[in-house]
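Letters A, B and C mark the chains in the order given here, with residues in each chain numbered from 1 onward.
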C-alpha cells in the first residue's frame, strides 16, 4: 500500500471552490507511479521507472473543496509479465467537521522502462496474491484492457482546426486548444512528462470547452479510459485540443487529443501522445445539476461523433442501471 | 497519526539535487497543521483552525534528493489548555533501491483560533495518553518552551536595512528589492532563465513599490521597452530593485533594475541583466482610477530622474494624442 | 501562428482579482519563445533555442480577471540575419458571458543561440512575406530598436542599495533581503499565511546568505527554535532578511528576521512576525563537508552577535556530545 495526502489550495480549484478533476487525476497518477516503481524495483535487477500506459474509466463520485485534505491510497492488484495494475482510492476529509467521503476510485496500468534505455520494457516481479481468485480476476481485466487498447488506436491526422465566427452551441464555438511548453517540473528525473501532468492539462482544456458551451460552473463527472500512446519528452511543446462530441440532458462529452511537438528536434515529427473522452456536468450556484444546452452539430463528421458519443452514453447508463439493480433491496 | 507523502521535484531542490530545507519545513508544517486542526475540532464546539506558534530546533540528519518520496508523519504528543504539541518525523524513500532514512524530527506548537474571530484562542480538547509519564514529560517540554519563548521576545526595532526611517511619499520610502534564487522551472532546458520569468519578477517588484506608495489596489498600465543585456544562468541569485521615479496626477513610473549574481561561480562578477520603466495606476474598490500622491524628491539624483520621467510621460501623452487625432471623426 | 491559452488562477492575480501584469508578460514571452524557436529550427542546420533580446513598450489596455481564459497568439513579423521579431496579441475571454477583449499587444525580439554553444548566435531562416511592404516596415522597426538599444545601454554601477562595496566575508557582503507578496496559495482559507510558507522563505533567504559567503553548494544543517510572534494576513508584503552571525570551521549561523507590512491597510504598522537562526554547511561536489571561510566582523554589534552565535554553537556541541556519551558502547 502506498498513500499520499495534501491540503487542497485555491490554485487546485475553480472559482466556485470545487477542486479540478485534473488536480485529483494528477495525485492519483503520482500515487500509482510511486507504488508501481517501488514494486518493479523490488527484486535485484536493472533499475527501472514505471511509466503510465493506461487509466481505466474514472468517475468523480463526490466534489472535493478547497481546505479539505485529499487522501490518495494505492494498491497493486495485478501484474502481468510487463505491466502492473494499480487501484487507487481518493478520499476527501474535512478536518473541521471530520467528514470523510470517497471521491474517486481509479485503476491504472504501468509499464517498467529501463533507466539505462527508456525504450526497453523490463519484466515485472510477480505479485503475491492473498486469494487465488485475485489473480484470475486480474487476468480478465488485463485481457479486457489489452483488447480495448488495440481498438482505440488513434489516427495521427485528426487535428482540430479553428473556424471563424462560430454560432453559440456549435462544436466550433466551444472548441479549445491549450499549448504548454514542457518544463522541468513536469518531468520525471528521466526526462519524460509525468502522466499526471498530461491528465491535468486534458481536464483543463475539457473544462474550458464545457464552460464555453454552458456558461455555468461545470465539474468533471468522469474520464473515459485514457491510453498513453507514446512518451512525451522534455523540451516538447504539447498541444491539447478539446471539442464537444455529445450532450445529453444533463451531461456533455468532450473529446481531448494530446499532441507532442519536439520543436527543437529536426528529426522528429509531431505525434499523438494521448486521447480521451471527458464527461462534465453543469452546476447551479447551489450545487444542483443544471440542464445542458443541446450541441448543434453541423458537419457529417460532427454527426458521426455525436452518435458515437450517444452510444457510449447509453452503454454507460445501462451499465449503471445493471449495477443498481444488482444491489439488494435492504441496502 | 496523520501523514503526508509526495515525490520531490526539481523545483524542490538546488542545482546539486539536494532538496531545500525549506521544502521539508513546509511539509512538516502542513502535516502539523492538519493533525492539530483535526484534534482541536474533534469535540462539539466552536470551529477553529490551528495556527503555528513555535517550532522547536530541527536538525537535518540526512539529505533528501530529487526523485525520492518524502514521507511526513505527525502525532500529537501533548496538549495544554490552549496549545497542542505535534511531533513530526520525515523519512526519505528511494523507490528504486527501497532505502529509507529518517531525515528530520521536529516538534511544533499550535494554538486553536476561532474561525469566527481569529484573535480569540479556544480551548484544546484533552489528549488521551497511553502512559502516565507522557503527560508529565509533555508538561515539562511545555514549560520549557514557554520560558524560552518569553526570553527570546524579539525587538521589533531590530531591522537589517540601513533604516533612516524615510518619510512617506519619498523615493526611499517605497524603494524595494526582491531577491530570487533561480529554480529549475525558471529556466529553459538549456539552463538559462526564461525572459518571461524575469519580466514577471520585474512587474512584481514594481507592484510592491507602487502599493507601498499609494496603499491602494494598483495595476500595471504599461511597461517600457525592456532590453536583455545578458543571459541569466541557472544557479544565479537575481536581485530586482525598484524605485519610484515620477508621479503624474494619475500614474506612477517605477524604474526596475535586474542584476544577476552567479553566487556559485567564483570567476564571475555580478552583472546588470535587464532594466525597464513600469507605469502603474491606482484603483478604487470599484475599479475607478484614483489620484496618486505626489512623489517627494529629496536628492539631486532623484530630481533628475523625476524630470526624465516627466519627459517620458509627456512624450507618451503627445504620442497618444496624435493617435487619437489621426482617427477620422466618423468613427 | 502560434498560440497559448490558459485559465487565470487565484495565484495569477492580486487580492482584488486583477491578473498581475507580470503573469501576462510571462505568457507573452512563452508564446514568443515557442514560435521563434520553431522558426529558427525550421531549416536543416544546427539546433538552436531562441533567447529573448528585447521587448518593445507594452500597454495594458484592459484588465484581466481570475476565471477568464487568456489567449495569447504570436506571429513572426520580421527576420533579420540574426534576429526574429514576434508580435503577440493577448485577449481575455470571459467563458461565461463570451465577452472577449484585447488586453495587450506586444513586440519581442529573439536571437537564436546554438544548443551546443549558447554563446554562439546562429543565422535565422528568412521569412516569406505575403506583402512586399511587410519586409520594408519590419526593417524600419529593426533599425529603430537597434538604435534605441544602443542608446539605453545600462550602467552596471547604478545600484539602488546604499552600496559601500563590502569586502568578501564580511556580514554586509552576504546580507540579503527577500520580499514576498503574499498570494492566495500561501494562505489558509481563513486568510493568514501558512507557517510552513514563512519557514520556506526563511530557509530560502538563509541559503542565499550562505551561498554568497562560501560560493559553494550549501545545505541546511539545522533550524533553531522559531517563534511566530504574530499572524501574517493576506495581502501583506513580507520582508525576510538574513545576515551571517557566526562561522565555525565547518558551519555558518544565519539570523533571519521576518517582518510583515500590511501595505494596503493604512491603519497598521509593519511588525515583526517571526525570527530564527539557521545553520548551514558547505558541501563539495562529492557531498563532503567543506571548511567555511571565517566571517569578518567589523562593528561592535557584529562582534556581539558573533559571540552569542559561538555560545549557541558550543552549547549545541556539548549537548550532542552528552547524547553520544549516553549511548551504551554495544550499540
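Some points to look at:
Assume a residue touches a chain if its C-beta (ideal position, glycine included) is under 8 Å from a C-beta of that chain, and two chains touch if they have at least 3 such contacts.
Just so it is clear, the model here is predicted, and its values are computed rather than measured.
With centres defined by CA atoms alone, the chain at the far end from chain C is A. Looking at contact counts per chain pair, the maximum sits at B-C.
Over half of the residue numbers at the chain B-chain C interface are used by both copies of the sequence.
Mean C-alpha position of chain A lies 33 Å from that of chain B. Each chain gets a centre from the mean of its Cα atoms; for chain B and chain C, those two points are 11 Å apart. Counting only residues that touch two or more partner chains, chain B has 30, 33, 49, 115, 189. Those residues of chain A that touch chain B in the complex are listed here as 2-7, 30, 33-34, 37-38, 41-42, 47-49, 69, 93, 95-98, 115, 183-185, 187-189, 234-235, 264. Considering their complex, residues 14-16, 18, 20-23, 25-30, 33, 49, 51-60, 63, 108, 113, 115, 118, 145, 148-149, 152-156, 158-162, 175-179, 181, 188-192, 194-197, 199-205, 207-208, 211-212, 215-217, 219-229, 231, 237, 241, 243, 257, 259, 261, 263-266, 271-272, 275, 278, 283, 285, 287 of chain C touch chain B.
Across the complex, chain C is touched by residues 9-11, 14-15, 66-67, 168, 176-181, 204, 207-208, 211-212, 215-216, 237, 263-266 of chain A.
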